[in-house]
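In the two complexes below, subunit A is the common chain; its partner is subunit B in one and subunit C in the other.
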Partner chain A sequence: MTVFGVPTQALFGQLLLGLINGSFYAMLSLGLAVIFGLLNVINFAHGAFYMVGAFVAWFLLQHLGISYWWSLILSPAIVGLLGIVIERTMLRHLYKLDHLYGLLLTFGLALIIEGLFRNEFGSSGQPYRIPDQLLGAQNLGFMFLPNYRGWVVAASLTVCLATWFMIEHTKLGAYLRAATENPSLVQAFGINVPRMITLTYGFGVALAAFAGVLAAPIYQVNPNMGSNLIIVVFAVVVIGGMGSIMGSIVTGFLLGVVEGLTKVFYPEASNTVIFVIMIVVLLLKPAGLFGKAQ
Partner chain B sequence: MVAAINTPSPAVAPLLQVKDLHAFYGESHILHGVEMTVGTGELVTLLGRNGAGKTTTLKSIMGIVGQRRGQVTFGGTETIAAPSHRIARMGLAFCPEERGIFASLSVEENLMLPPTVKAGGMSVDEIYALFPNLKERRRSQGTKLSGGEQQMLAIGRILRTGARFLLLDEPTEGLAPVIIEQIGNCIRQLKQRGFTILLVEQNFRFAATVSDRFYVMEHGRIVDTLAHAELDRRMADLQAYLGL
Partner chain C sequence: MKKLMGSWLAGVALAALAATGAQAQMSDGAIKIGVLTDMSSLYTDLSGAGSVLAARLAVEDFGAAAKGMKVEIISADHQNKADVGSTTARSWYDVEKVDVIVDTPNSGVALAVNEVTREKNKVFLVSGAASSDLTGPKCSPNTVHWTYDTWALANGTGNAIVKTGGDSWFFLTADYAFGHALERDTEAVVTKNGGKVLGKVRHPLNNADFSSFLLQAQSSKAKIVGLANAGGDTTNAIKQAAEFGIVKGGQSLAGLLVFLTDVHGLGLQTAQGLIMTEAWYWDMTDANRAFAKRFAAANKGIHPTMIHAGVYSAVTHYLKAVEAVKSDADGKAVVEKMKATPTDDSLFGKGTIRKDGRKVHDMYLFEVKKPAESKGPWDYYKLRSTIPAAQAFRPMAEGNCPIAG
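Then we have the complex of A and B:
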């Protein structure tokens, strides 16, 4: 069976791969969007935290025998805490300055963190096995779906939608949205905005670490895994519109799929298609597909 | 009778006492030693020309200026070093000149946003009774409201919190006379309910109808003070201060 001259098996295979990549784009760009919204910091260390998240899971399993499932909670908690420390001790001092300084600081942090890990672990990856419960695959009739890959898409969708719901439909989210618009007024109502900023950074970073744990069994756990991914994620954020919550989720999944389809129909462009889309979007709608013009 | 209650008596410590208050935005020194007091239940209005430092005085009391120095005691507690969220928790609430309605929040979310800081705030029903327009439009986006409705929302949302000291920055600015009348009624009701109000107002006519006492600001200082009863006698002075 073929579609436009392409075997369906290959088409669905790439579509699934696209959805997997999209799951990571969505989780990472969502964290970037939440952080940028409140802190006005373009968090260049996001890829490094994603990598650290994967390494923490690897370390927990390798040296302490702690399972994948516990790592899904523990690793984001540990990396989130690291983010909180970084916000308290470093980022906090830069809010009064231009955005550029936050970007430079987090970029420097990313280089340092990745350098430390390369020094310790080299550039070859550490294997991380798929948890037993998720081994195997389902025969969907038109294709085989490996259980772990299905889980990644489902987990990413759940986490992204839960984050969206929390921001758009809860009291806590209302504080966050209001503080994104006018932090000093929200603070003058009696809300501890500095603490909220710290926790938001911790949350965004924890989201990256969660993505890192999900990624560990798929990609090898390797010090460069974040920097390979983060450039694409920044393109996703630009296309979706900086600071838009739903925008970053939808754009993340969408561009993953577009990338996958490009691999089927015109493989030569698969590494560049996202950047081509970014250029077109920037020319036609500089604020991004879901962004509001300022 | 009301006037007699509201005349500040030196025997009772004022609710708010400001001494030698200086405020800075970056390099610019905006307030140069403001001195003022507001007694419990009083409605005091800050008058002065544009740029005299009225808004900065309110923001300094709330702790949301770049830097402030001097003494601001509220209910006997010094607040000069406190962050603004802690000051708010003492029972002060601020309604900013630009109204500060959040575009990403619905009317209802805007109304429910400020946390309760003290028991005894007005209920949502009471606030909707005071401003019926808000109830009709509670599902709308906050900034889709008219200017008058936004002002009602900005006042309404701080009445819910239980704060008994309200700082209102130009609540009538840019509003139609019929809306100004509604805001005036609201402020009189708040006064009857025992709220203490520090008002900044360009609209002198409006301020004269609700205030117990006035301070006049010039160049970041308080230059004069007068009670409501002195208005007629001191009209010429006021005209000179304000360029009416």
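Then we have the complex of A and C:
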């Protein structure tokens, strides 16, 4: 059986691969959405933090012999801490200003961080092995699925849904959402809003680093890995609608699949298709697929 | 709300522009060498700052200062964009008084600079770019193609693989001038030797995820998956091919253009057994080893690739020609002198430059060592065979170069 000349079996394989790539888009756009929701900052340094996350994992393994599994926790913690320092010392002065100031500050930070890493480590990247427990692959009949890729989808889905649950269905999440609406009122109830903001930024950045650790064994650990991805992730946020948690998760996975299918039917367009979709969505639904027009 | 969306869109636009910033350093002088290269993206390690260093070493070793020749070197990042490359070349020639542009990885950019150089009657010494069109239909009296080209790669690696039974191919091709040329030249070698091409897929330059393409290669059942790409694209494809069990499933990878820095980035565990064609390897002669030692000391330990060696050798020969002509003003005359003089330097030994601009020397077929065979970092290749200069490059008559006569 074939669909437009492509065997259905191959098509299933490509759908699955799309989901895997989509899980990176989802994790990164989720972090952007969380940060934007509370801080009103368009965090351009997100791709750089993703890259730093991968590099920290590489460094831990290479120089300290710390395994992948510990890196999954340690690297986001370290990079999250870096994020907290940046929020405390720089970002917090910009909250009352236009969004563009936060965008420009984080853009500058991203360029500096990436430049420093490129200068130190070059552009060929560093190798990072797949952990032994996840070596090998499953034959699914329609495709050969490396165990590691299966793990990436599972880990990413778990983290995304847990984040969504925490924000939408827990007391802490309720505070966060309330602080988004009216920070001074929430503060009047005795909640330390500035600290909450700081921790939220740290959390969003840690999400990016977590995605970076997940990516390290698949792609070369490379100073450019973040800037290659961040363009797409920004488009994902625009398509999904800003600040919508579920919207950014669903859109991330969805666009991964669309991109995957493009790679089968017209590979030359695979790095532009997302921007075409972005234009169409903006024309038809300017607030994004899941955004609410105010 | 509208304003907000505007900010996000500004973000998308910024992202698209990110990692840019050409840094031309201004200066003024008698002989001015412009190293136009990739300083920020996937070809940085195999050319980039290393190429600037190689040019500097060449000028030092030539003893330009002692001979009373004033030589200056400037450099810029072409960002792998043909328009940025040709704009930089134009302003270098017109405003900065640059006399010669060297290196320029990325065939798309190199073909653009090739035209600007011809128009301005300057000199273009290509080490980084690969397209054999530079000495074919697009050949120019102002251009010398030094180190290697797609025809030589196809001829070396393609021949070796088809002759050992790899007779059905599937190509993963970088979708621009270089990838197309490499795919075309390799396909010609494969079919000439009785093999066939079962399919091909064109991927965007600087692509991170190759799984989709690898799956297509897998289902084609071709014996050989030919990688008609370079730099970061090749390393990512090789790494992910291992993950998807391409080699375990009985297919073999042919890295048609693999550099020493790529092998270093992949690690021997992943790269072992790859066969590739190169023009130069640091651990072949004492002179090469001495050069590599000097080079690595000034380049954070990164050893020179064949592109770096080519820049060194080309700049050396250029300076000799300028010294003989006693002027750098007429680019065509300098290149003519370069062609008339046999080449001879410590890295490439003796060689010649043909009328079509092709520098001719031996090429080598290498195999990447197993981890157990390697004595340490950068000890990566073992020699399989030497392709003599006379057979290493496309015969001039087959190139359709109008100036070959």
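Note that the second predicted complex is superposed on the first by the 286 of 294 C-alpha atoms of A that agree within 3 Å, B and C clash if a C-alpha of one lies under 4 Å from a C-alpha of the other, contacts with A are read in each partner's own complex, and residues count from 1 in each chain.
Keep in mind that, in the parts below, contacts are C-beta pairs under 8 Å (C-beta built on N, C-alpha and C of every residue); 3 or more make two chains touch, one makes a residue touch a chain.
Quick caveat, the model's predicted, so the values are computed rather than measured.
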Checklist entry - Is subunit A touched at more residues by subunit B or by subunit C? => result C
Checklist entry - Who does A:Arg177 touch here: subunit B (first), subunit C (second), both, or neither? => result first
Checklist entry - Of the two partner chains, subunit B (first) and subunit C (second), which one does A:Pro131 touch, if any: first, second, both, or neither? => result neither
Checklist entry - Is A:Ser123 touching the first partner subunit B, the second partner subunit C, both, or neither of them? => result second
Checklist entry - After superposition on the shared chain, which partner residues are touched by A:Gly190: those of subunit B (first), subunit C (second), both, or neither? => result first
Checklist entry - What is the contact status of A:Gly150 with respect to subunit B (first) and subunit C (second): first, second, both, or neither? => result neither
Item to check | Overlap of the subunit B and subunit C footprints on subunit A, listed as residue numbers | outcome: none
Checklist entry - Given the complex with subunit A, which residues does subunit C contribute to the contact? => result 1-5, 7-12, 14-16, 18-19, 40-46, 48, 175, 201-204, 206-209, 211-213, 215-216, 218-219, 231-232, 235-236, 239-240, 243-245, 249, 261-262, 264-267, 269-270, 300, 302
Checklist outcome for this item: So, in the complex, the side of subunit A touching subunit C is made of residues 7, 10, 13-14, 17-18, 20-21, 42, 44, 47, 98-100, 103, 107, 110-111, 114, 118, 120, 122-127, 129-130, 137, 143-144, 146, 148-149, 218-220, 222, 224-225, 227-231, 234-235, 237-238, 242, 260, 263-264, 267-268, 270-271, 275, 278, 282, 286-288, 293-294
Checklist outcome for this item: Note: in the complex, subunit A contacts subunit B through residues 171, 174-175, 177-178, 180-182, 184-194
Checklist entry - In the complex of these two chains, what residues of subunit B are touching subunit A? => result 62-64, 83-85, 87-89, 93-94, 96, 100, 102-105, 109, 112-115, 117, 158, 161
